[in-house]
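Both of the next two complexes hold chain A, though its partner changes from chain B to chain C.
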Partner chain A sequence: MLYPDTVEAEVLVHKPWFVATMFAVILAVFLAFNLTGTTMGELMRPVIGDPLQSGLYGRFAVAFVVAVIFSLNVVLIGFAPLKVQIAIVWFELLMLFLAFFETFHLSRPFIWEKLPFLITQGAVTTLYVSAISIVIASVIAILGAVAKLSTNGFAYAIASFYTSFFRGLPLLMQVYLIYLGLPQLGFVIDAVPAGILALSLCYGAYMTEIFRSGIQSIDRGQWEASRAIGFGFGITIRRIILPQALPVIIPPTGNQFISMLKDSSLVSVIGVWELMFLARTLGQKTFQHMEMLISTALIYWIMSICLELIQSRIERHYARSKVR
Partner chain B sequence: MRHLTRLTALAASLAFTLSALPANAGAVLDRVLAAKTLKVATDANWAPQSFMNDKNELDGFDVDVAKDIGKRLGVSVEFVTPGWDIITAGNWSGRWDMHVGSMTPTKARAEIFDFPGIYYYTPAAVAVHKDSKATTLADLNDKTIGTTATSTFEAYAKQELTLDAAGAPAFKYEFKPKEVKSYSNSTTAFDDLRLGDGTRLDAVVSSLPSIKDAEKAGYPIEQLGEPVFYEPLAVATEHGDAEFDAKISEAVKGMQSDGTLSKLSVKWYGVDYTVVK
Partner chain C sequence: MSMDLIIEAKDVAKWYGAFQVLKDINLTVRKGERIVVCGPSGSGKSTLIRCFNRLEAHQKGEIIVNGITLHDKMRNVAGVRKNVGMVFQHFNLFPHMTVLMNCMVGPMWIKGVAATEAKKTALRFLERVRIPEQANKYPVQLSGGQQQRVAIARSLCMEPAVMLFDEPTSALDPEMVSEVLDTMTSLARDGMTMVCVTHEMGFARAVADRVIFMNSGQIVEDGNPEMFFTNPQHERTKLFLSQILKH
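Take a look at the complex of A and B:
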């Protein structure tokens, strides 16, 4: 919430002008499409007769019913407490989403048959590749941030060159460069280490900037006060600066973790059998790749949700000082 | 000053590493025989040549051929599945020993690869949507054609194809497209073609077996006209190990003479593609 004040105001979705506008917009939108040939038209058969013969009247009736249901739904949700509202809207969006995929007529037995392999081979590979990369990237980021803030010219130059280069190239290109380029120097590395190296270096560069900005967001008065009591550099960083910088650093770092999970799909181009690779290959023989793409999409989503939950927990932990 | 000394040392060590590039003259065969495994690169997305079967293992014509070559060399076969463009880029640096993935020997490719054995010939054909008005290949002039990136089909569509391997039948360009769209695999091209005649593509140039497979899977597409060219397909190795090439050549010849290849071709395609029609 931006700023939860205590002023009592009428709920927006209960204001007559809002409900009327919403109703009119929905009616207009659904009038624009002819829905008489769909399930909705079938459901309206008792009212409009044969849906395909009903013409403009049928079209209007369908749009009218949809608009009424939609507006009623919104008004009713307006009465519920906040948490229930969130839960209901989530649930409804999810149902719409599933109904959308249902129209693809996917083969469920095929999905169930392939799911164990997608998880044991694909999801596991994706997870360990991204987990190792995240750890390495974090280490690089801490070193990089300290180097970028130091007064040592060499450290600053190397760190800024590194962040500039690795943030300036597409990750896919880095994967290719490392996998195909390193052997030219005599270091032949396998696909998985090459992928981990590319992900770590790229994300290390982004996270260097996040860590640096977090540390810089702490007022210099904190440094001055700490030095005035006689604390050294190490203890100032560990006990004064980092505890205050972490709440600033954690939200964008969580973002990086989530996007790392999905960007790990780029290593599929060098033949690592992770989720994306399997999504592209498993259904090929029988031309059922839509099944695999959608199941894999859901697996990625579920894994991201887990990371989101962990992130919000950590954020709550560090927001203790702000609770009144 | 101390920094400078360190930098010089670093530069020197880097130069040393560069000069000590791996030389694999004659070494591939030794490595294969010592490890008792033949590492074979192939595509996992190219049914029925190589694909993931119901048991989630690699299977297909190319995979069976590779396994048979391994058997004749007396070693076990291990597969790796890098992208096609990574395989054709060369510089394998010992990550895998050979490639059995229906590669067409061309002059350009011969600069970085050896082709010790041609093991079959695929007819390349043109697929159009069922609603297409085209009745002959010449109707595809000034149309949008889909192909697989860096494949011979793409080269044919762009009229840049050179088939210079021994025994490759002659061919001519039947049409001149307005635009050639290249996809990472043929399935994506078929997916775009199925959307409708001319929606994204007017036709796809691909191998006849994969067109037939897509038709069988219910794609609303059909073959147009006769096959446009016959493509010889060979095992590929990197330059530098003549003994290894000789061994593979011998294995492929053995498979041809004892009928193994024909049997495998009939098993996977229903037709013997190992001889030119």
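Take a look at the complex of A and C:
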């Protein structure tokens, strides 16, 4: 939350100048596009007659109605309490999106037929590849962060070389390098482990930096107090420093996890049957690409939303010691 | 060497780069002795007492704490630290643990004491600093004075041979200073060995066996409070005292 001032200001969306400006802008925008040929025009048939014949009058009438509905909607939402506002706006945006997808005239039976496989094979693979990778990446990140903060030259050099290299190459290239390059050295590696390895190494490098800054954000006094009591390095970092760094580390790590969920689509290039791979292949035979792409997009989105919820849960858990 | 020496520093010197912070420090602290260290800002008071539990390393001379010599290659620095309690200017409580846990973790994780036992000890010392009722709060929910008393209790739970205080009251509001000083005074009455960096001259007069005055890395005055306040030997001390007692 931004800092909420205790002085109540008048709600922005209820100020006459704001409503007027909004109304004018929307009217202008919709005047610029001729909407008489759309569903909106059809709905307005009683007022404007045959949409295609209605000319400038029809165009204006449609834009006017849209602008009125929109402005009224915004003003009304302004009266609702915060939570309700958020819910309504979410709902309306969602409806707009679904309406947009509706215009593709997708074949529903085809989607329903493929959906179970898309989820049991694709989503599950995506999830477990990402989950395993994020766990390995976190372990790498802790080790890397400690190495980067240590006074040991070797540890620092190795860790900084690692982060520089894996942050510097495109992830797609790392996937290829590991899948095609390791066999050259005599390690034949399956597509799934290769994908997990590439994702872990790449995200481990990013997360090393997150963990490092998290650890550094903790006051020196905490180290001193812990060491002065007699705790060794291990206990100090595990029980004193990391628990305090977690509230700093978790939000960007959650971000990384969500981002990894989607970047795991890159391992589809080496033939792992995850969501993206199935999205591209299932629709191919019958040229129903859009059906699969849109369903997959929604599945990715739903998974991300779940992760966001889990993240906010964890954040709330760690906010405990901050409340006064 | 007699057995009742807790801290013994011989010709200790320390540098930060080319800057010498400590110069030929010679100091002994006997069991049960209360020592107050004072001196102008930057004179090396914090550095000196932080050398006693090796939060800082000295480069020359010898420091022996509780019979163990401190040096670079020592294996068991924790063996020294568990016998040396330290209280910091900014309390440095662990904010993610309750007050009770703050006091329990030392004995549990270092001495392997069982949780029930550690809890009993912790409550006993929280009682000792007169805030047992705050045991289940988090540090941020406490006032500065209460936090500092918890910090003292946390150190006491390790049952140290000596307590080091580094300006324990200088981050506190005036009305909280006395509650912390009272706690320290009562510790002193019970015979705790203490080395205390402070500018609270009232406390020094009432409690200290010896007052040490440092100036630019050297001990320039080392004597009983009576002598220190009425008849300081050194010009620098006179100036310091006149400034600090002026108000």
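As a convention for this text, the second predicted complex is superposed on the first by the 319 of 324 C-alpha atoms of A that agree within 3 Å, B and C clash if a C-alpha of one lies under 4 Å from a C-alpha of the other, contacts with A are read in each partner's own complex, and residues count from 1 in each chain.
Assume a residue touches a chain if its C-beta (ideal position, glycine included) is under 8 Å from a C-beta of that chain, and two chains touch if they have at least 3 such contacts.
Computed from a prediction, not measured in an experiment: that's the story for all the values here.
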Would you check which partner chain A:230 touches, where first means chain B only, second means chain C only, and both and neither mean what they say? second
Identify the partner contact of A:221: answer first if only chain B is touched, second if only chain C is, both if each is, neither if none is. second
Once chain A of both complexes is superposed, is A:281 in touch with chain B (first), chain C (second), both, or neither? first
Residue contacts on chain A - larger count, chain B or chain C: B
Let me test your reading of the model: by the given contact rule, A:240 touches which partner, first (chain B), second (chain C), both or neither? second
Now for A:108: first (chain B), second (chain C), both, or neither, which partner does it touch? neither
So in the complex, which bits of chain C are touching chain A? 53, 55, 78-79, 81-82, 84, 86, 88, 90, 92-97, 105-106, 109-110, 138-141, 154-155, 158
Any idea which chain B residues touch chain A in the complex? 3, 14, 17-18, 20-22, 44-45, 47-48, 51-54, 56, 80-83, 86, 89, 91, 93-95, 185, 187, 213-214, 217-219
So in the complex, the part of chain A that touches chain B is made up of which residues? 113-114, 117, 121, 154, 176, 179-180, 183-188, 190-191, 269-271, 273, 277-278, 280-282, 284-287, 289
Chain C contact footprint on chain A (complex, rising order): 219, 221-222, 224-232, 235, 239-240, 243-244, 320-324
